[in-house]
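Structures follow.
Here subunit A shows up in two complexes: once beside subunit B, once beside subunit C.
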Partner chain A sequence: MPADRALTRKASAVYAEVLLEAAHAAGVAFEVSSQLEQAQAAIRGSIELRSALLDKNLPVEARMGIVNELFAGFAPVLLATLSVMVKRGDLGLLGRVSEAYLVRAEDALDASFIDVTTAIGLDDTLREKIKEKYAAQLGRDVLLREHLDPSIIGGIVLSAHGVSIDASVVSQLENARVVLSRSQ
Partner chain B sequence: MAEITAGSIEAVLQRQLDAIKTSVESREVGTVIQVGDGIARIDGLKGAMSGELLEFMGEGGKTVFGLAQNLEEDEVGAVLLGDVTTIKENDQVRTTGRIVEVPCGDGFLGRVVNPLGQPIDGKGPVEAQGHRPVEFRAPGVIERQGVNEPVQTGIIAIDSMIPIGRGQRELIIGDRQTGKTAIAVDTIINSKGNDLICIYIAIGQKASTVATVVETLERYGAMDYTIIVSASASDSAPLQYIAPMAGVAMGEYFMYNGVDGTPASEANPGRHVLCIYDDLSKQAVAYRQMSLTLRRPPGREAYPGDVFYLHSRLLERAVKLSDKNGAGSLTALPIIETQAGDISAYIPTNVISITDGQIFLQSDLFFQGQRPAVNVGISVSRVGSSAQIKAMKQVAGSLRLDLAAYRELQAFAQFGSDLDKATLDQLNRGARMTELLKQGRYLPMPVEEQVMAIFAGNEGFIDDLPVPAITRFRSELLQYLRVSRPEIGEAIITDKTITDETAAKLREAIVAFKNQFSAEG
Partner chain C sequence: MKVCKTAGRLMLAVLLAATLMCALAPAAYAAPAEAPAAVAASATVHADTASGAEGAAQEEAGNPLIPNLLEFIPMLIGFLLLLLILGKFGWPVILGMLDKRVTTIKESLESAENAKIEGERLLEEYRAQLADAKKQAAQIIADAKQSGEAIKADLATQAQSEAESIIAKARAATEAEKKAAIAGLQSSVADLSVLVAGRIIGQGLSEADHRKIIEHYLSEAGALDAS
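Up next is the complex of A and B:
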């Protein structure tokens, strides 16, 4: 319903703005963006966890305990925000909050966040090369959120704002497999 | 598959390796939020198009395809077409920029495939000549011409009273076990040598029923020009939903292309196709399931609001193309199953209003032994008579109305015994003509024989025969004419009309046959 949608959007924006302000003050605005996505993926990936955190029959303290224990290594500002969301039953908004936070954090830091996935860790030379290339293209600083995924075998996968450039070895092999299996 | 020799291996390898793209493209990527009931909710994919093919990267790099259906503010609802068990939350989803396509071509004739064009008959891979989108815009007014050629079903009751033309949409409707599929199968069998490619699309049926249809068609040598597209009851709702569209897409390939596979034109005529959708009620049920799990608002009988559009856009693809476009045709015979004869339910009324007529089959007629159990009173073909040959129009012009009047009179006559001679004559003629139109399964009748049989009835040659002897009289008469007087049938086929001379010869032959016919058997 439109009224609900507007309220939801507003509530997500409030969470994102307050979280960003606090994270910025603590100097962890960039790290929190990654941690938010990790939290979102963890909750999305487990039906048991999702049901437990959204179960209103479970005492609030128990649900907050799960959050604090599960995300113990996260920035305290994020933990506090997640606790409030659990308390108010707003954990379903996490996806929207994460999205809103990302947009605001990029503006606040005047930088674009790019996710880089490689099979082995990036070295400084490559890191700088990527930053330089995309900073020139985007016209502002680039901050890399690095992920390791041995299953891509080699190469690199870059993604930002839902658009992905896949130059991984596994994709190239898959492409070759499809072409060869279709040809006569 | 072309044979690769030692001499050609280098060229073959070179060609195939050149086809491998090493360039990197940017693609839109989203994440699965939730998956279940064959439906996935996806975060991201803001640029996804409605109906776009989505690529899900499942467990172990396995790719599953899906169809984007609901484009919402911050998520996309998609239906999954493959192995849904390999997809889980947080899996990646990519847009492809394409809509669902099916492979098609002559190689599919004689094969049983699923709605994705993959063979399921164990006869090995099918070589496709092309691909066609499952959703395709129906031809406009300028690209069409009026229906002017008949589809001969071989069923005397239909070809005479409810004729079907090439490019027409004729609904077959009735309760369960009234012979709907039998009409479809008989039509396919009768199409042998009639330059008609048949596509039988089984939706939500038992696999054993489909196997029986395949076995029957094989027995009568009808699989050579038939494709069976099967989404059985055990297949997922999305597959049952796309099955009719996949079948018609395969049919369109033949209509839009000539025999050589190049686009049809005046010089390169397109082919004629018959698509049988057995049945659209089950497709509507599959679509309802999909829509409800996608959280679309339910409407009448819990069907989504656009179920009419689903069927209208499918049936609008039935067409008789203009000569400039190759003059090919695609005839649609949708089947709808009613519950306890209720044709005022949502889906039956929708499809009745979309089609160019309906063949209504009734349980009580079926159990009275009237087969095919066609209720001639409410069965109609709105465009078919223009596709009937003149000879058939001559003998059967008023047959449907006469029989409908007979049925009314028959009901009325049950209340009294004092009937005048004219009424008694009408009742006698009606009972005998009804008997004359009875026909067994898998016994299609050529159009000239249908004409001769009805001629005999119209001329009063069967009025003095006992009703139980009528069908035997008809088959023995036709056998006699086939063997002793073949020139009469040939004249009807050649002239496409009954000339005075042919009529005189026919009368004389019927009298000669009747003199030696014994009603006692």
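Up next is the complex of A and C:
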């Protein structure tokens, strides 16, 4: 078991390094990190998709076709990497590859990637404010990976390096609900 | 002794009777015709004084009280022999029989007396046993009553404690259900309130409001580094 984990880690690292090299050369290293997250979320969110992509009984071409069709707007280097992973049956390593890529990409670009979730799209003012605040905290440039989620109603959710700040309206309402539920 | 005396007296009486019979029998057989004459003579002695001499001679020849010696003596001898024989052989037998009868009667009386005494003793014994049995029965009944009362009291106490336990459990269950219902109601109210608030807020926010909120929370948000 430890040997398998080591092999998995090593394989993930290889995929990440190769992908980063190609993406950095193409100048899309930052975009690829977001797209990797999106691909990971899409595959995790659908049992049928995951089953289809991991089904070895399904022809490789078919599985590659699904990937190309589903992630058509992604960077070509990422599509190629995903195709290779599908071909080799390593699509299950996508999560580890994404984490490894993130770390290497931050180092390569000398910037911290922050995931920002809001109910409406950010404007430049807000982006600058966010970058300014956290660049000072993290000691290097900040690149924002923006996500739209109307379910948070309002406010902002920030996360980076495993730390998450939930300043959304929905979380505030949830706190109020808990307090109301527990009060006698 | 009494029996012997009585037997002796009886024998004496028999002897006298036999003697008298012996004396009377020849006189009766010797002058059978003289008897009526003697009777007639005696009957008419007062009436006929002229035949006094014949009458005196007749009286002397037929007096039944004076025995005829020629006949009396053999008969007496015979009687004595008979008496002797009876006394030698019969008297012991008779005495033996009498003694035996006396003994038998005595034994029977003693046996009856003993049986009576034994019967009385057994009667007393049975009476004592009966009294003892009655006493024991009364004691058993009293003990049973006492046990019954104790069991009754225990059952009543047990039933009461069980009833109280059941009531307490029911109250606790009711209280728990009440609290759970209140909690559920509170949760429902909270959920509904939050849902309504969320909808009101979400619908009521303009873009400018959103940006203001974002800026506000951004200014209050903490650090993103692990420290």
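Definition applied: the second predicted complex is superposed on the first by the 184 of 184 C-alpha atoms of A that agree within 3 Å, B and C clash if a C-alpha of one lies under 4 Å from a C-alpha of the other, contacts with A are read in each partner's own complex, and residues count from 1 in each chain.
Criterion: contacts are C-beta pairs under 8 Å (C-beta built on N, C-alpha and C of every residue); 3 or more make two chains touch, one makes a residue touch a chain.
The model shown is predicted, which means the values in this text are computed figures rather than measured ones.
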{"item": "Combined model on subunit A where subunit B meets subunit C, clash or fit", "value": "clash"}
{"item": "First, second, both or neither for A:Gly154, with subunit B first and subunit C second", "value": "second"}
{"item": "First (subunit B), second (subunit C), both or neither touched by A:Gly162", "value": "both"}
{"item": "Residues of subunit A touched, compared between subunit B and subunit C (which is higher)", "value": "C"}
{"item": "First, second, both or neither for A:Ala119, with subunit B first and subunit C second", "value": "second"}
{"item": "Partner chain in contact with A:Arg5 - subunit B first, subunit C second, else both or neither", "value": "first"}
{"item": "Contacts of A:Ala176 with subunit B and subunit C, given as first, second, both or neither", "value": "both"}
{"item": "First, second, both or neither for A:Ala72, with subunit B first and subunit C second", "value": "neither"}
{"item": "Subunit B region in steric overlap with subunit C, selected from 217-225, 343-351 or 451-459", "value": "217-225"}
{"item": "Subunit C-contacting residues of subunit A that also contact subunit B", "value": "159, 162-163, 165, 167, 170, 174, 176, 180, 183-184"}
{"item": "Parts of subunit C lying in touch with subunit A, wherever the complex brings them together", "value": "182-183, 186-187, 189-191, 193-194, 197-198, 201-202, 205, 207, 209-211, 213-215, 217-218, 220-226"}
{"item": "List of subunit B residues in touch with subunit A within their complex", "value": "1-2, 15-16, 19-22, 24-31, 33-34, 43-46, 61, 63, 73-74, 88-90, 94, 127"}
{"item": "Residues of subunit A defined as touching subunit C within the complex", "value": "114, 118-120, 122-123, 125-126, 129-130, 133-134, 137-138, 150, 153-156, 158-163, 165, 167-170, 173-174, 176-178, 180-181, 183-184"}
{"item": "Complex contact set, residues of subunit A against subunit B", "value": "5, 41, 44-45, 47, 95-96, 99, 151, 159, 162-167, 170, 172, 174-176, 179-180, 183-184"}
